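What follows is a structure written as structure tokens; I'll ask about it next.
Chain IDs A, B, C and D follow the sequence of writing; residue 1 opens each chain.
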């Protein structure tokens, strides 16, 4: 399962959404030189981007064909638990809980060897019209 | 003042470091379609990338020619206080305090109209050899 | 100026609100042995409590006599920038920005010598009825 | 299993450590009026205190009798996912990963009905002498 690329920033960074269901989203990214910082390891911004993405997606799954749910991130925290410079990253986001407007997610990123390289948690708000699972027209 | 681009990720995202001195760093980014999310506004990952960058730089200024200081981010929190889809962003990072190994910074990002679009704070650790302001060879 | 103690937890911890106006709140706390952790320094929970309190108050100032504004904290991050075991703490909370329902604040805590011991930022939501500055009956 | 109260702040707040092993700590707290805020629900500071406590303990288990490990919190983020005003809270902290000096933990708090009321994550640094599991004399 690979969800079509749906934003300019996704195309720029190059990650794929490989799994998406109610309360869960998984992304993958093959690390290249364009993702590294001046010390030659993954830039923190790549990790925060992936955490933000899979957390937001996890809360926005919409089972109705042709419709989507949208949210904005209110707050995001990432802890950088490991360093990596190559291989394929796997980012997993899970919705923890939430109400009609606000929801909370956590995310984890593993490197190609299964080592935890980042963990995060975020607070999100559904955009108007996206409060229910039927969402809005794409 | 514009600091030369010094990493693959900086080139990919396209921001410039326009000011850098002891405890302070300022970056600018002209927003393009490659920075937008699927709702057509700036992806949160662009903002977290800028916060991480200016905060890290703010703690790593090295006044000695030919030498640099390096750090890793331990934790980063960003609050997304506004939405923006075009114009030039200005990100300001300031070192708040710190010891020999650990330092703390805050960051703010303003859109082209001066509206606050993100605030953040981070915890950083100097890499070995970068604890003093004389740093290491580039 | 000292605002009357208005909650069980404030009485338990022992802080005072010494300044409160639109977008600003200041609290003070005289450190005692009941605030220390098992290492003999201030427990992190005292600092997070003060950050949460002054940030929440900063967004809830109500100029109308007999009325109040109420909010809930959605997310709070605190960086612990120093250690302290005695003296009087001063915590300052400032509202940074916000809309009708969500607002964002930052907080700083200084020890008796003026050293920065904690910095924080939070995301808050007004309770129903408290969205405008006229608030609700106490 | 109940670990003896070992700090002034623990005695003040009234929580108990009911489980403690390598990488795990569990605390319980019976909510009383002294834990409530001016809106009559649990003060956020109680939740951040419990998250900080169980996360710190989770990284500091010492299997050697008469010895302890100590750490300081560098950064702590708490998301407030529910509201509660009575009953017994259960806080669970888990060490996620870490190196010789820095470690990372996550925490969750459930109310008496099993509802998630707070989630958090923190970055910690071992105090000198506490880097290994043999710790220091109490």
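Here, a residue touches a chain if its C-beta (ideal position, glycine included) is under 8 Å from a C-beta of that chain, and two chains touch if they have at least 3 such contacts.
Predicted model, so just to flag it, every value in this text is computed and none were measured.
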Chain whose average C-alpha position is farthest from subunit D's own: B
Pair exhibiting more inter-chain C-beta contacts, B-D or C-D: C-D
Mean-CA-position distance for subunit D and subunit C (Å): 21
Approximate Å spacing (C-alpha centroids) for the pair subunit B, subunit D: 32
Residue numbers of subunit C (touch at least two other chains): 74-75, 77, 79, 123
Residues of subunit B that touch subunit C when the two form their complex: 75, 77, 79, 81-82, 96-98, 104, 106, 116, 119-123
Subunit B - residues contacting subunit D, complex: 74-75, 77, 102, 123, 125
Of all residues in subunit A, those that touch subunit B in their complex: 6-13, 32-39, 43-46, 48-50, 52-53, 56, 68, 70, 72-80, 83, 127
